[in-house]
Amino acid sequence: MTTIKVTVWNEYRHEKTNPQVAEIYPEGIHGAIAGHLRTAGELDVSTATLDEPEHGLTDEVLDRTDVLIWWGHLAHGDVRDDIADKVRERVLQGMGLIVLHSGHGSKVFERLLGTRTGALKWRDDGERERLWVIEHGHPIVDGLGDYIDIPKEEMYGERFEIPAPDELVLISWFEGGEVFRSGCCYRRGKGKLFYFRPGHETFPVYHHPQVLQVIHNAVKWAAPTRGATVSYGRIASGSLNGGQ
Amino acid sequence: MTTIKVTVWNEYRHEKTNPQVAEIYPEGIHGAIAGHLRTAGELDVSTATLDEPEHGLTDEVLDRTDVLIWWGHLAHGDVRDDIADKVRERVLQGMGLIVLHSGHGSKVFERLLGTRTGALKWRDDGERERLWVIEHGHPIVDGLGDYIDIPKEEMYGERFEIPAPDELVLISWFEGGEVFRSGCCYRRGKGKLFYFRPGHETFPVYHHPQVLQVIHNAVKWAAPTRGATVSYGRIASGSLNGGQ
Amino acid sequence: MTTIKVTVWNEYRHEKTNPQVAEIYPEGIHGAIAGHLRTAGELDVSTATLDEPEHGLTDEVLDRTDVLIWWGHLAHGDVRDDIADKVRERVLQGMGLIVLHSGHGSKVFERLLGTRTGALKWRDDGERERLWVIEHGHPIVDGLGDYIDIPKEEMYGERFEIPAPDELVLISWFEGGEVFRSGCCYRRGKGKLFYFRPGHETFPVYHHPQVLQVIHNAVKWAAPTRGATVSYGRIASGSLNGGQ
Amino acid sequence: MTTIKVTVWNEYRHEKTNPQVAEIYPEGIHGAIAGHLRTAGELDVSTATLDEPEHGLTDEVLDRTDVLIWWGHLAHGDVRDDIADKVRERVLQGMGLIVLHSGHGSKVFERLLGTRTGALKWRDDGERERLWVIEHGHPIVDGLGDYIDIPKEEMYGERFEIPAPDELVLISWFEGGEVFRSGCCYRRGKGKLFYFRPGHETFPVYHHPQVLQVIHNAVKWAAPTRGATVSYGRIASGSLNGGQ
């Protein structure tokens, strides 16, 4: 098995302006996630952030990215259109994409799914979340039990405007009375997408062992497969006898 | 629009032996549901129960059934195999089927879906349930708001061993900490199935206006469509020029 | 049943410049389709074309459109971004959309589905197409037999870069050796989309009775349902006891 | 990566009575498939056949089977009900299952999917089949091009009475005018199923390199994953604070 090359992208603004967030994530949300993935072996992990040139997502960076992890919130509007489009294109060509938490409202996620993915209910009162396993044979939940328990989280509630997931792997229960489709798999073009809900910046969610485990599992799931080589465009008739 | 012919089938055992159930449903669960559907106009509603000859599901009855509603619990094992198979066959030929609550463990449901549909978590402590709308454009939720609120219900929790629904329309939240896929649409053969979770016999769930409304909506959704007329078996080559 | 308001949108360029197309569709492709739908009763049918102000798709027009039919080919790039976005928004709010043939490459379709929907194989040699019914209980194939036979058509072949359809209703066979997912249903936001493949401008495909019948069926399928009224945004905790 | 244990099951009747089949498959269809898989490394391959005691599918055999491959045709009715049920149960518990060609009519396949999976069109005139890749990012098509070309095959045509696949990976084109969903993935319980169409006994289909490659790919795809450990049955309330 070849090493999977992961780039963890973070907006990285909250950490610079909110001391509470900085305390939880002294090296940024990207740093926390990347730090964990590095311990996992088998992965080659880099990071990139919004305020780097080209948001840290140059062609060179994307060329060595098998799976991109995306966290954004405040500054979805600051992401350049051309870079959002480039990321979308890469996913359709086979790059894996893991969108975390408030990344649901990002240009990248919305352009890949087509619906107004920013639309949902929310409340950031720090309430208990339980993510229940729906498809227990799925590799993304490898090693879990019946559920993941998170003591304090921002709530997201349905109706969430996404296309019905190709595979719905986790559903969240919230203390205050809501539910949410929290682990959603999509196949788009040659690539795979996973949306994973947990991760509000003011709670130490990316230090939770099982949340990190799901992200690690998702990286392995989303990594490109060789697949088939297909072509597009005009093709001649009578190619029937030609095999491939 | 032609009148839809509905048959409400009930095991009808709890009501005869448990005074609490008898008080809530003096005419049986089937009577409560059928009574409501009759007020809805447009429907021609009958009932059938387990202890009638052939469980009340003779060929004549099924011939005049567009949509069958199924409630069972204690006595799944008393349903004759040949009758369960006959109902399955009818669904595959186009009859609509609405399976309610503990009907998830019935022979009919299990044989149509193929998995061990009896497998789930449960607790009958009478806790609050909220059914959240996931697909708000679906006709089965016509007239609802964000959710249905049921003050006291039996809990069903995931993992529920069903095939991923073709359309997941409602997800339940339970006071005690669980979630459940509570409104599940399937297309099987030429027929449509809807699984709808609410309905424990010791709570007046089938007197709840919105629960009854969803059942009414589901009857209209599950009613057979004309569709296409397809054939099976050996067909000749060269039929290409023949049109249909 | 209330009357469904249909707007048939056509690029309407081929008909003005190619005498062969003008002869087949003297009143335009939109005129042929609208003409048929008007004979069907129950429908209130208008047309709109690219070169009208705002492409004929003003707010007033869209306000009285339940289902929009879209045919485009040469001039996808001439459709204004803001109008494509407005149409997308309307679909997500509940308007039905039927995308025909080369409309697969339109801004509207691509933005709603998120993938590069222009990518497929093609050959316009006028070969036989057979559209096989896959889901014979679906209302979109009401009244058909095993298949629709079209003597001369442009070929479209897989791989077609679309998200897996929520319901795959028709698959095409082509004389030259290809297959295609030709009848694809999607639920997006509160709206429904149907992609229907037939319709090259140089063949009289929109005079074919069964092709017109499928379009008519699709209009009825895609028409908005009342559905549920859901809300988005911040919601208070403790709203649990309030019902709706 | 641990070695995957594969059992190739074959009815093994045609080979004993039809010299034409015996010539193509001197060691049986199971022998041809097992022979190829053994060369692939990484796999531990056994075979089992209908006329062995318990059809060769004792508990001991199934205990050391990660993925079961199934070929049957003439003698579906000779498979014992209890053994078909046992295999179904194993799949729901996580064993992978690959059903080949005429195995579509087997008890095992029908009981796992719930529909009358024997229903389809067919013609055994030895015509050309082309299997087109629909999901080119799927591991089951690893290493293919646009399609697989088989010069002589039995035709299977739609309408095929299966539930809509969770993932539709391949669609066949047939010389005589038909199409077929030929590569169908299902997740059922904790297990994965793959239906793969090619394989009529009177043609050397299981000597075709790409057909064998897809079977090999499918073995790797269908192999059990650890997944999550879930529980069923009554659970106590207030377990909310207990983690897992």
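By written order: A, B, C and D. Residues from 1 in each chain.
Basically, contacts are C-beta pairs under 8 Å (C-beta built on N, C-alpha and C of every residue); 3 or more make two chains touch, one makes a residue touch a chain.
Quick caveat: nothing in here was measured; it's all calculated off a predicted structure.
Of all chains, the one whose mean C-alpha position sits at the greatest distance from that of subunit B is A. Both subunit A and subunit D derive from one sequence, and where they touch, over half of the residue numbers involved are common to the two copies. Centre to centre, using the average C-alpha position, subunit B and subunit C are separated by 33 Å.
Between the Cα centres of subunit C and subunit D there is a gap of 36 Å.
The multi-chain contact residues of subunit A, meaning those touching 2 or more other chains, are 130, 133, 135-136, 146, 157, 159, 164, 166-167, 177, 187, 189, 230-231, 240. Within the complex formed with subunit A, the subunit B residues making contact are 130, 132-136, 146, 157-159, 164, 167-168, 171-174, 177-179, 181. Those residues of subunit A that touch subunit D in the shared complex are 1, 94, 128, 130, 133, 135-139, 141-147, 149, 166-167, 187, 189-192, 224-231, 240, 243-244. Those residues of subunit C lying in contact with subunit A across their complex are 88-89, 92, 111-116, 119-123, 125, 127, 155, 157, 159, 161, 163-164, 166, 176-177, 186-189, 230-240.
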